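Both complexes below contain subunit A, partnered by subunit B and then by subunit C.
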Partner chain A sequence: MTDTAPALDRLRAGAPPRNHDARTIAALTANPGCARRGLLDAAGVDKDAVARHLGFGTPFGQSQFAITRGNAFEAQVKADGCAELLALLRDRLGLDVGEVGYDDLDDEGGREFRHARTRKLLARALDDAQGTLFDHPLLRLDIGGTPAYLEPDVIAFQLAGRFHVVEIKSFAVVDGQAEPEQVAAAARQAAVYVLALRELVADLGHDPQRVSHEVFLVCPENFSNRPSATPLDVRPQLAVLRRQLDRLTRVDAILNGLPPDLSFALDDGLGAAVRTVEARYAPDCAAGCELAYFCRDEARACGATGALGRGVRDDLGGVDTVEAALDLARGAADPPAELAETAALLRTAARLRAEALGGAA
Partner chain B sequence: MSALAALARLEAVDARRAVPIATVRHCHLADAPLVLIPLRLAGEAAAPLAVMLGTDRADPTLLAVPQPRNRDLRFAFAAELAKVVLEHVEASRGAAEELPPAKDGTERVRYTEAPQVIVPNTGGVAFLRLLGRSTRFRSTEGPHAVEPSVPALGRWATWFAERHDRPGSSLLLAATEALRLHWATGQSALEDGNLAALLGWIDPPDGLDGPAAAARAEDPVRCPPAGPATDPTFDNEVLAPAVAAYDATDGDPRAEERVRAALAGQLTPTWDLVWHAMDLLRALPEGASVPRRWERDRDAFTLFHQTFAEGVPQARRDTAVAAARRLHALERAQDAYDAQRAFDDPLVMAEHRLNGQAFGGVVTEADPTRLDESGKRPKLRPRVRVATEDPVRLDAGTAVCSAERPALKGRIVEYGTGGVLVELTGGLGRKLVPEPGTVPAPGDRVCFTSLTDASFGPARFPEREDTPWTHGGPPAEYVPSDADAAEEWS
Partner chain C sequence: MTDGLSEARATVHAMSPDVPAAAQQERVAALRAAVRRAVAAGDRTAARTLRAELRAAEGGERLRAERDRADVRAQAHRALELLGVPAGPKLVGAVHAAFFAAPIPAARLGVLRRAEERAFRKAPNARPFYVCAALTADLLTPARGLLAVSTWPLERRVVGPLSRRTDFLTAAVRVAEHAQHADAAQHLLRRFAAGIPGAAGGAVGTVDPADLIAAARAELDVHATADRRDRARAARRAAGLDAAERLFGSAHDRTGRPHGERR
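This part shows the complex of A and B:
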């Protein structure tokens, strides 16, 4: 535990902490500059409850049809000690996977205990280089100075002395192609597991490279329930992840600038408390952060150009607010020297728009 | 995006309402398009739940699968859908007009009309693509036989989706894309993907402004999603119990009616929105080159329709040569489409003026009868000077043409403080004096651009059997197999 722990506990105002998972870490890296998210996640604040309390709940629910399908597929792949998965790796990919042990680490008591057991089993497998499958291991990753526990429903197996992460997803791969966003999301999550596993391996005194950057994505094939396995090189995602985690504003630094009695208790002061911590809203927040509607409202209220999309802000030469940009376009404000070029561009754009629209009227 | 498009978004924020980014309509709208709104079962790639479709706004047809996991019901649904879609195809082709024979003497015809399909959003296009993929290989014989219309539907759905990839094609339109081509809102592109929110900005209901209408549209209870994904709360609270009741009663008609009513309730608001979108688009005057692009669409339709009987389902994946050819064709179509829109629409041309590839202004001097006598024979080479405030980025010697009348061609002589001096080289008639009205006179507003709307000859790609070994050599002819027919659809 780090010395920020008591402060972070206080932020939660007595509520139990929420666990990070690979999805939230992957999402975290999507917006590494956001102190608000960084802090709330580090403290394990239930962002969904916060958003709801503030009247900005996001429809993040999942259809039971999708859940049922996902669970059924995962259960099918893992049934009988992952028989189907092994057959897939051996027969379809022609991998020389030998006899393997299978360890299910689920339901083994508390987090610390499960993590310790994951450690022990992994250490043994590293030493005797045995083919081993772990189900429901508990990994740990340092996020902004605070440890986060990961509960992957993935399995690592050893092939020629290297561990591979297997990620089971229920979206279909049709003729070798799946929806790019879904594949990208799966790759980002798998990269989180690879990183966490590598840290553990290094911690055990082994070469972290014994965890391969090649993961296996197991998905239903075409329109059937039959699983297919696709090797996926997550090196690019790993590089991004490492860079983003390094850049993540350290939680203690954020805490330093905040009032010492700040808390995110679900009471009347919640809105003000959340606003105290700086955010960096962009439309793609909607894909991964429960506070998206709240932050969007805030960004729109202060006329942030970023609320229109990252690209829009760039096209406006980095001008932050709608009002400032419109003033430049209308020639209402004398631009500072560094914005002279942008101002000229916007004024020309405004003139051309007016001309074209006037001509049409 | 560009500064011009970004500025339009700012204006929309400021006006609390969408602003136009086009002055004419850049897509074709058929008299009776088939509006088609698909819903898919959550968690599945292409398991259809329901489709609301039809060519008559007052009379939509609802097709639904009361138990979406049941394979037989699914194929029965596909057969029903096939019937409507194939009827639409046959009803929308008009007459076959004879064209002058091709160079090699083969006869050519073109249907005077073509079927148009409108879906609410790009998700609808993706759904049709997957529906096509999951039905076109089905066999009409043997142990897994389906109705003959099912694989035919698959081939048509695939064809429509492929045409959608082609810039400027109007055979399959997504309402959100068509609207976004003509209006900019004060929200992000992501949010524009929600048809109800997009329309809220463009044409808010009485008493609401754009942001308020868009906010209302984000409430899935008031505005169910436009598909193909359903609202998870609807799934859990309405659909799942209704499907369970259908199962429990062994397919009782009343239970089936309950599922259908629930799905109709989700689809009807979107049905109205799509027609509303078309009203807005129809109100815009059609761009000058739209009929020409629709003619290409009619050509493609004629070819596909006339060879349908002897054709086989489209391959799962393109061969190397086909992929290269397709890519090349798409790039060319994109260039031509961009240029055509700019010539049709001063607001689109404004983009090119902003980036310096076009300039507009007032003619200050004109020498309409200037002759170039440096060669053996004198040539008519009038010159005009155009005063412009535009940031021109065209070098001396660059060929340009008039945006209003592309036949009027010229080249840049010089660009300085007095404006741009253009020497005219074409579009003046055949004599040594220009035809009246061809040379702009002082005081005229003109716009010249380096864009061209020229179409180059077809690219040369090797024939199928000459595919280089670097690209896998000649591909095997695609033959549908039993395995295709038996492929699970669960």
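This part shows the complex of A and C:
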């Protein structure tokens, strides 16, 4: 995929590429249909800077309180060589008492060195099953032709010759139930690590299936601070992620449809340049994309149905704007054959609304 | 126009120069604010008097900070000797709080190691002991977040893959032994018991030191031999480092590769 690299560099207009982390990679899978996001991410454009330049900057990021709470819980579980985690794994998974090896791969050295150390220790673990917990492994994943380093706060955990990813999250699991949105986000992130770990294992000449698709989510139990471990199957997330990464590497298809001199330099032409690439805005974009407010403004200005939510857009498949939908409902426009069904539904809805309002409208 | 002066005096009133740390810092802050107010009001006489007072208070504050550092060092040493193994700042602070009735703030311990290294490099072996680093067994670099005492043998100060667990268990035994006499530290015992299956028998919410010792010793038997072997091997390699590196770990060079790895 090196042939698109010069084109992508040009899009950045000389700025250094922005590094991915698991959060941004996981966010890629949230809206796979958005060409704008796909292209900007593949090129490593600083979306935050772009949004700020366009006047749609957002105080973006996780809440400081959430970060503090997360760090405190993680420190507690990992304290004293992961003592609490070991006790938990023995209790839930029957981990052998002899399995207590703990290697902290976080080191003051450079990224390349740390990655090399991760490789060395994992290679030894794969060869003769040495070691149990590997904290802070530094992994690498190919994103659109450029290697991205991932620095997960997770632990790779070896059980019976297979590696599992342990992800520590601070949202509570009450009565075996957690908030589905947070679990889904955790699963998406864990899938990124599983994929990166699999690439590493394959690279070391072992079967990538030795990295399990089952990850362990460690969360506070009920209303206490006691950790509990829940197995989580991330196969669906893995499939989405892989498809999305493939799509990223086929970003040349998007590039082909664009003017050859397009660039996202922070100057007067930026707004026009960003608008050249089609977006697919939905309200949930605000949770994961720096450009969300720009796209929302654009979507509202042209009355795109997506601005009303993904459900509305899907229900009105083929009808792109609110104006067109209203025309169909009023019967002002003659619907083409493929929209006949949608048009009939819209007319029924309009009639029901008129009846319900009893002529008040 | 002495209103500003008397008002400021009222704020810092009743704080003698021999007050505890927090109060003294407060006094310095209050004086600084008073000086600012006096200057803003254009009251030069008051500003001059207050400035002199501020200087005196700040001098006392500096002295106190130095004495504090020596205190933190002695406290950390005491807690580490009780534990007998390398430990993180949190555990060191908690042990001191439980047995010596004074917590050590973790932030103070964090900077202690670096201060000790500077002191050692300036005048090697000028002190009877240093609070130093534990070394990673494979790279001989300082292990993240672990404190140790310089007088300990190298085998105790290098940490291999199993050492975090054996040290944790050893620390549990030592703390529980002390708790038998002192009847203190239930909080600390619960913390250890949470990480050692089978340690929390008996009544709910309490930990019997004897149970904790038995459980920790039983698990320690499983790992002790392998851990001792790993550590002895790493200690032999670490003996080749220079005096400062032996205590504070070998540094990374510019490529991010630690010096210790080449040996």
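Convention: the second predicted complex is superposed on the first by the 322 of 361 C-alpha atoms of A that agree within 3 Å, B and C clash if a C-alpha of one lies under 4 Å from a C-alpha of the other, contacts with A are read in each partner's own complex, and residues count from 1 in each chain.
Note that in this section contacts are C-beta pairs under 8 Å (C-beta built on N, C-alpha and C of every residue); 3 or more make two chains touch, one makes a residue touch a chain.
The structure displayed is predicted, hence computed values, not measured ones.
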TODO: Look at A:Tyr102 in the shared chain and tell me whether it touches subunit B only, subunit C only, both, or neither; answer first, second, both or neither.
DONE: second
Task: Broader residue contact with subunit A after superposition on the shared chain, subunit B or subunit C - done: B
Open item on the list: Which partner chains sit in contact with A:Ala49 here, subunit B, subunit C, both or neither? Use first/second/both/neither.
Closed with: neither
TODO: Name the contact category of A:Leu346: first (subunit B only), second (subunit C only), both, or neither.
DONE: first
- [ ] Go through the superposed model and pick first if A:Ser224 touches only subunit B, second if only subunit C, both, or neither.
- [x] first
Task: First (subunit B), second (subunit C), both or neither touched by A:Gly110 - done: second
TODO: Figure out whether A:Leu86 sits in contact with subunit B (first) or subunit C (second), or with both, or with neither.
DONE: second
- [ ] Kindly list the residues of subunit A that each of subunit B and subunit C touches, one partner per complex.
- [x] 226
Task: Residue ranges of subunit C touching subunit A (in the complex, touch as defined) - done: 88, 90-91, 136, 139, 141, 143-144, 161-165, 167-168, 171, 192, 194-197, 219, 222-223, 252, 255-258
TODO: State the interface residues of subunit B toward subunit A in the complex, per the touch definition above.
DONE: 1-11, 13-14, 20, 23, 41-47, 68, 130, 133-134, 186-191, 211, 220, 230-233, 235-236, 239-240, 316-317, 345-347, 349-350, 353-354, 360, 389-391, 487-490
Task: Residues on subunit A engaged by subunit C in the complex (per definition of touch) - done: 75, 79-84, 86-87, 90-91, 97-98, 100-104, 106-114, 117, 130-131, 226
Open item on the list: Touching residues of subunit A toward subunit B in the complex: what are they?
Closed with: 59, 61-70, 170-172, 174-176, 220, 222-226, 283-284, 286, 300, 303, 305, 307-309, 311-312, 315-316, 322, 325-326, 329, 345-346, 348-353, 355-357, 359-360
